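What follows are several structures.
Two complexes follow with chain A in common, the first pairing it with chain B and the second with chain C.
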Partner chain A sequence: MARFLIRRLVLLVAVLFAVTFLGFSAMNFLGDPLFNVVGLMAELDCEGIEAGTVEDTSMDRARSDCETVAAARAEYHLDRPVPVRYVLWVSDLATGDFGTSFQNDQPVSEIIREKLPETLILLVMAQIVSLGVAIPWGVFAAYRANRAFDRTSTVVSFGLLSVPNFALAVVLLYLLALRWQVFPSAYESDTAVGLVFSMILPAVTLGLPLAASYQRLLRTDLITTLQEDFVHMARAKGLPPMRIMFRHALRPSMFSVVTVFGVSTGAMIGGSLVVEQIFGIPGIGREIVTAVVRDDFPVVLAIVMLVACAFVIINFMVDLLYGWLDPRVRAR
Partner chain B sequence: MSAATRASRQGKESRQRLLRRFRIVRLVRRGRTPEDSPDDAAVRRRLGVGFWLAIVWLVAIAFVALFAPMLPIADPTEVAFGGPRESPSLDAWFGTDALGRDVFSRTMYGARISLAVGGFAIVFGMVVGGALGILAGYYRGRLDQAVGFVFFVLLSFPALVLAILITATLERSLLVVSLTIGILAVAPVGLLARASTLVYAEREFVAAARVLGAKHGRIIVRELLPNVVIPMGALTLLGMAVAVVAEGSLAFLGLSVAGDDAISWGKMIVDGAGLRDLQNATHVAMLPVAVMFVTVLALNFAGDRIRQYFDVKELPF
Partner chain C sequence: MAAEATPAPAPLLSVRDLHVRFPTERGTVNAVNGVSFDLYEGRTLAIVGESGSGKSVTAKTLMNLLPRTALVGGDVIYDDQDVRALAAAGTKHFFGVQMTMVFQDPMTSLNPVKKVGEQIAETLRYHLGRSRGEAWDEAEDLLSQVGMPEPARRVSQYPHELSGGLRQRVVIAMALACRPRLLIADEPTTAVDVTVQKHLLDLLDELRRDRGMSMILITHDLGVAHGRADDVAVMYAGRIVETADARTLFFDMRHPYTEALLRSIPRIEDPVKHRLDPIPGRPPELVSPPDACAFAPRCIYAQAGCLDGVPELSGLVGLHRFACLNPTGTERGADALAANRAAGTTAAGLALPAAQAGTG
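Now for the complex of A and B:
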């Protein structure tokens, strides 16, 4: 177990470095880094303005812009050579200094702290929805495998997996919020109950396709488990079928679902960008899209790094969990 | 029906059931789920009506996308082709959007970017990912570790987030968007190519070629490539479905190909998804949603049938 842990840890660190290096390259090698950070201000001739040789239409504005540029240079260590810059930037990240948005002069860590809770609530609710739907669905489908219910649910889950997230969002928004007005169409944060209630529709949008894929995995695994001797034993003892399904067969059939849990989190983070956009939830996803449109690169970079590192760490933990559940994995 | 025949029927039935149960036990011993095998065998023999329906739809969409400018449909960018938000009619089959543009012709033109990006992305993924995967699987060792690490890192980003990182820094042209989504395809395709190379590299015909003095390059191109291409090709349509959805999501966020004449399904859907439009002119968003859904469904369905036909395993991602 210790060797397995150490090997996994080394891989984790290596991947984190690679991920941050990719982000760093995007900032430093795709275009001029200074321009990436401050936008058009980078083109100001600051030395000329300082020396008074260049006249600008509004000198005060130009001076303050030049101060911003100087601050950006210091913040992102742009006067240092590239390798040093990378090390300094990564250690900034590690200490929670995510840089500054020079479009609205706000530290990025503050923006993230403000927006992260909304996204986390959404993701957790979506996982609850998907597991809550998928487990009973998968169990009933496997209980009567290849009967009418199972065949219909195969078609339904295939359809659900083929709906793009944003299309599902639009359809649900139209049907449940506008037509039948079951759920509110907009985000509200006045009360905790209102917040959770207004998040139901977004969570269902994210969770339903995921529930479909969980259901397929669970069904396949359950059908295999139901052939096991201990299930026959339980049946022979005369236990009620649902008790057998939920208490005896369910747990050993959860492997695939657990494995996919980590990967699906990534898909959900991607989906949450879209869902936050359409339901107007002020979360990380909405922030990053706004930032891309405004060319606010520091915010984009910081959020991408945060999300990618979180995703790597989640998958690492799922790996460990999996190794703990199934001893054969540790030997790999 | 006499009582005797009924009894014998029942006897026969239970005998059949008994036989089936034995077969199930045998199959389980071999590590397969019992209900999979008869299905698979039936599917492998023929592709079925649904498959051909899906193919007809895809060919029609591809035809429209290719020849859209030559077809007798309205100019998709013509503002005030009709009044704003008109319901579907004989003049405008899908109605008009908020600017009075013809939704039907926009939907037809929208197929162009979706299919172009989807097609390019999957070809890029197959060429780059396939090459890397085969080399890694054939040479093993250090190269394998390095390539495996690159794939692992690529998969460490949630797909849409990696796409945003790239589109945030480069200008959003058709090529950049296609490349971005192509990069997303590299790691899954590469892992698949590597896995099947590992299997085939152990086979006797590869050993025979080596004994006959074939060089590495020849073994890879003449012996391995034709075998590895089959499972990769079988998953093309499934990959394309993913790519089309990815492009749609980027377009929905306003991060796909820029410009007013770059019409995309995702962009059309977000245009019609404002609460007022959704309430009063549902068709503006719903008809592109329907066309896109049917297209992705057709890609998935046909892709899944082909996958079963060639007996290729599902990708775990």
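Now for the complex of A and C:
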């Protein structure tokens, strides 16, 4: 088990290195890094302004812009050679310093700290919804494979998978928030309970299509597992069918679901933007749209890094989960 | 015999006219066609046959393990209870407690993600209501009963940490946990090393005797049945073609298939360069069986009569019964074989070179 952990950790570090390297390259080698960070202000001839040789229409504005540019140079170590810059930048990241958004003079880490919890709550709730729906659904479909329930659920799950989530969101909003008024139609953050309650519809919007895909995977894997001798053995031992399903067949059938769970969780951090937009949730998904529109490179970069790292860390946890699911993985 | 002094006891398990059919895309597979037998308390019945003879399907039918699509007919009576009705009603604590089964492949019949102790303790907890701790201790005890070395350590190991032979011991411990009265062992040693086979068979036999348990031993190997079974039923193409007590079956068999099976086993007394006599041809398709003796195409005794209608199993259940028109060891059989040898072919068209005369 210890060796398994160490191997996974080494892999984790290697992937994180690759991710940071790519992010760093994007900022430093795709065009002028200074321009990437501060935008048009990079065009200013600050040395000229400083020396008074360049006249500008509003010198005060130009001077303050030049201060911003100087701050950006320092922040991103732009005066240093590229390798040093990389090392300094990564160590900044490691200490939680993601730089500053020079578009609105706010530290990026602050932006993330503000927006991330909303996205995380949404994500956790969506996964609870999806697993909570998918596991009983998949188990029952596999138990009565190719019978009426299973056939109907195949149609339903393909329906859910093919409906784009903005359409599902609109339908849910119309029915549950406007017509029957069970849930609020928009984000509330006054109380913790209200917050969770207002997140139910968005979580269902994200969770249902996921539940459909988990259900497909779980059903298929379960049907295979149910052919196994050890399931026959469990039946010969006289255990009742549902006990066999949950105690014997479910765990060895969770691999595909767990794999997709890892990938989808990572993807949801930055990918829930449509749902966040529709329900007015101030999360990471919405923030990245705003940042891209405003050419706010530091924010975009930070979110991309965040999503990439989340991917890696979640899949690291998924690997640990494999070990829990199947003791043979640990031995390998 | 001693049985005649006391009133004859009812059989523990009584199977009558069992039929199993599987609808498939190629047509209906007639896997079991009218199997009947009795098994008395404390006895071992060996069901012997090639793959596809219906022996495993018979076992699975008894245990209610067939897929839902299977069509089953006939009666299975266990201790005056209708087993198929019990199964249909979902009766708790019957399978696994009264009768249970050991499967062929110990590599796949244990759940890979559960400790072996858990898998044994599980039945004790479910059927007998043992607490977690009690069940765990009993599991360890059962492991030592099946000859598991270091049971205290093994009980908390996973199946992949054990060898095939040890795993089969776990399976046996699991099956015996609730002290069943009937154990069905479906090729229990086919998948393990030959060196381990004998140990396991002897262990099963010993446990059966100690516990006064009855056993159905399913095997393709007559050698496995020899010395361990009280009665033997030979199955071919979904039917019992010959059944008798073990002694009669081995030394005074009547069915040419039984004879051929025995001949295909290598024996230690055989000369070194001795050729085994394989049975020519392959077992028949079970989709649309011809109305004839299923073994006739492979039988050196086959006469025209063998191709006209399926021979009935002679006699009463419990006696030496065989389904053959030209039985080996009888005058009729000897005449049939001589006629075929003279013609160089059987009525079913199997070539029979005269040079093979030595095997008669």
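Just so we're on the same page, the second predicted complex is superposed on the first by the 278 of 332 C-alpha atoms of A that agree within 3 Å, B and C clash if a C-alpha of one lies under 4 Å from a C-alpha of the other, contacts with A are read in each partner's own complex, and residues count from 1 in each chain.
The criterion applied here is as follows: a residue touches a chain if its C-beta (ideal position, glycine included) is under 8 Å from a C-beta of that chain, and two chains touch if they have at least 3 such contacts.
Treat the numbers as computed from the prediction; the structure is a model and nothing was measured.
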* **Touching partner for A:233 - first (chain B), second (chain C), both, neither** => second
* Asked: A:248 contacts which: chain B (first), chain C (second), both, neither?
  -> second
* Using the superposition on chain A described above, determine whether A:212 touches chain B (first), chain C (second), both, or neither. => neither
* Asked: What is the contact status of A:300 with respect to chain B (first) and chain C (second): first, second, both, or neither?
  -> first
* **Winner by number of chain A residues touched, once chain B and chain C are compared** => B
* Should A:185 be classified as contacting the first partner (chain B), the second (chain C), both, or neither? -> first
* In the superposed arrangement, which partner chain does A:18 touch: chain B (first), chain C (second), both, or neither? -> first
* To do: Indicate the residue numbers of chain A shared between its chain B interface and its chain C interface, in ascending order.
  => none
* Structure fact -> Per the touch rule above, chain C residues touching chain A in the complex are 60, 63-65, 90, 92-97, 100-101, 103-105, 108-114, 122-123, 126-127, 158, 160-161, 171, 174-175, 178
* Structure fact -> The answer for chain A against chain B in the complex is residues 11, 14-15, 18-19, 22-23, 26-27, 30-31, 36, 145-146, 158-159, 161-167, 170-171, 173-174, 178, 185, 220, 223-224, 227, 259-260, 263, 265-267, 269-271, 273-274, 277-278, 288-289, 291-293, 295, 297, 300-301, 304, 307-308, 311-312, 315
* **Residues on chain B engaged by chain A in the complex (per definition of touch)** => 24, 28, 33-35, 149, 152-153, 156-162, 164-170, 241, 245, 248-249, 252-255, 266, 269-270, 272-273, 275, 278-279, 282, 285-286, 289, 292-293, 296-297, 300-301, 304, 316-317
* Going by the contact rule at the top, pick out the chain A residues touching chain C in the complex. => 228-230, 232-240, 243, 247-248, 251-252, 325-328, 331
